[in-house]
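A, B, C and D label the chains in the order they appear, each numbered from 1.
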Amino acid sequence: MEIKDFKHSIQLRVRSFEVDSQGIVHNAVYLQYFETGRIEYRRNFGIHLRPDGVFSDGMKVVVARNEIDYFIPSYLDELLDVHTKISWIKNSSFCFEQLIIKNLNKQTICQCSGILVNLNSKTNTPEKIDSKFINEVKNFEKELILKT
Amino acid sequence: MEIKDFKHSIQLRVRSFEVDSQGIVHNAVYLQYFETGRIEYRRNFGIHLRPDGVFSDGMKVVVARNEIDYFIPSYLDELLDVHTKISWIKNSSFCFEQLIIKNLNKQTICQCSGILVNLNSKTNTPEKIDSKFINEVKNFEKELILKT
Amino acid sequence: MEIKDFKHSIQLRVRSFEVDSQGIVHNAVYLQYFETGRIEYRRNFGIHLRPDGVFSDGMKVVVARNEIDYFIPSYLDELLDVHTKISWIKNSSFCFEQLIIKNLNKQTICQCSGILVNLNSKTNTPEKIDSKFINEVKNFEKELILKT
Amino acid sequence: MEIKDFKHSIQLRVRSFEVDSQGIVHNAVYLQYFETGRIEYRRNFGIHLRPDGVFSDGMKVVVARNEIDYFIPSYLDELLDVHTKISWIKNSSFCFEQLIIKNLNKQTICQCSGILVNLNSKTNTPEKIDSKFINEVKNFEKELILKT
């Protein structure tokens, strides 16, 4: 993954309670940063989360897999850029690819590949992804793989 | 508050992600420890939390006030005792008093006084506390003030 | 406390992992929001946190007391304003007063009064607060009580 | 991964603040559970964490990769078993494999494969793993791959 492949990013600052006993951001906290990036990615299309955890367009997703590589540590009060894209969409699942970068010197802290599953919001079983979502992403991303 | 006034306690160990950039347990984390103590206090009476956050006897509570005094820090991997009692019950509210102690040397780390409000689980408005709860607590605590 | 008494505020959005089993922001999370407000208050004076949890002007503080009143719940994805002021300074301690408000309708969610102690960053014992800090705050706040 | 391949496990209960807006344990929280399992795995050999985040035998590790597959959700107050083993050791890195199981019905919630790097605790650069650690693990695990 390279920064130039991403069209969406947000800024976050490392908080005092996100740093662990080694003085570095805890490995679990990056999943919170990645999730914040994923939610803001959708806000970009005018979609927000409702209080029940379902998106305003009726979409409900759950995380099926996260694969994170940690390269260098980040420290208290650092300003981070979270870059987010969707790389592929299948029938009922899709993949976020994400990078977290030090805003100051553009060093890559970690990267994540996360697979989400679209659920029927009543039965909580996997459901075909709506074409509206597919079109939103297709029109936004430079490259998107539609798997069948 | 003194340890001898408490009949209920649980043990917790300080986790790596609960310690902050100063190497001490973060001030917000103690509210997580206190809440764990409050929930285990009720488990002692055979009551557990249902997935929706309502207790198995139908009781739904929300925190109205927390007052915490921090005396000394605690550190990674320390074993802590969380002591919990209910000191008073009013019409629709009651008060937890709690101490967190170092298991090793019995030094007091912090204390909390927390006021909870009993809610109607449908309307989420304050509701008179059930006599079953009052009796449970009255039979357990050495001293309990029933405010009217 | 009233909004008009505050000159410093920051905006935060409620994240998915900050909401609990009742669908509302967990009572401990507000202490994270309040701390973020306290740190940004100091950034306003050009002071930031170093990786070791000590401020860039050499000041090291620890929380001695937090008193939080919770009025109404906040929900996933809500935009919040955290208002922060310092109300008094004593020899080695000072008091933050803070409000969290719904950005949309200005309803008050909770308020906090927190006492912090200034530490000698080597011995970790209380130390007289530097006059530079006192002057910074005195010049910024409308009302500040200097206790002796 | 199958339960029968694991010799070490701990029990954890899902806490109220670990559940998100969908009423299920948040995907980042499992990394906290996995880390707790990893630390208790070492306590089994008489090794504990010092306040500075370094183990009592001088070993300092950092997470280089986490790969988590989430199968089914877990809910508030559920009792979970975290099963932990070390599957391979290389020059300066090793791999934890872990399962989280519902205590009640033995359903698998998620699994993780995590690669940790051994650091020189002064320079924070990768360092050859001590033979004492290798022997501890070799004597404990049924199967251990020593990569060269």
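Definition applied: a contact is a pair of C-beta atoms (placed from the backbone, for glycine too) under 8 Å apart; a residue touches a chain by one contact, two chains touch by 3 or more.
Keep in mind the model is a prediction, meaning the values are calculated, not measured.
Summarising the inter-chain layout, the chain whose CA centre lies farthest from the centre of subunit C is D. Subunit A and subunit B touch with mostly matching residues; of the residue numbers seen at this interface, over half occur in both copies.
Rounded to a whole number, the gap between the C-alpha centres of subunit B and subunit D is 30 angstrom. The distance from the centre of subunit A to the centre of subunit B, each centre being the mean of the chain's C-alpha atoms, comes to 36 Å.
For this pair, subunit B with subunit C, the centres built from the Cα atoms lie 24 Å apart. Among the residues of subunit A, those in touch with two or more other chains are 16-17, 19-21, 23, 28-29, 32, 35, 49, 51-53, 76. Subunit C meets subunit A in the complex at residues 15-17, 19, 23, 32, 35-36, 39, 48-53, 75-77. Interface residues of subunit C, counted against subunit D in their complex, comprise 16-17, 19-21, 23, 26, 28-29, 76. The touching residues of subunit D, when paired with subunit A in their complex, are 20-24, 27-29, 31-32, 35, 49, 51-53, 60, 62-70, 73.
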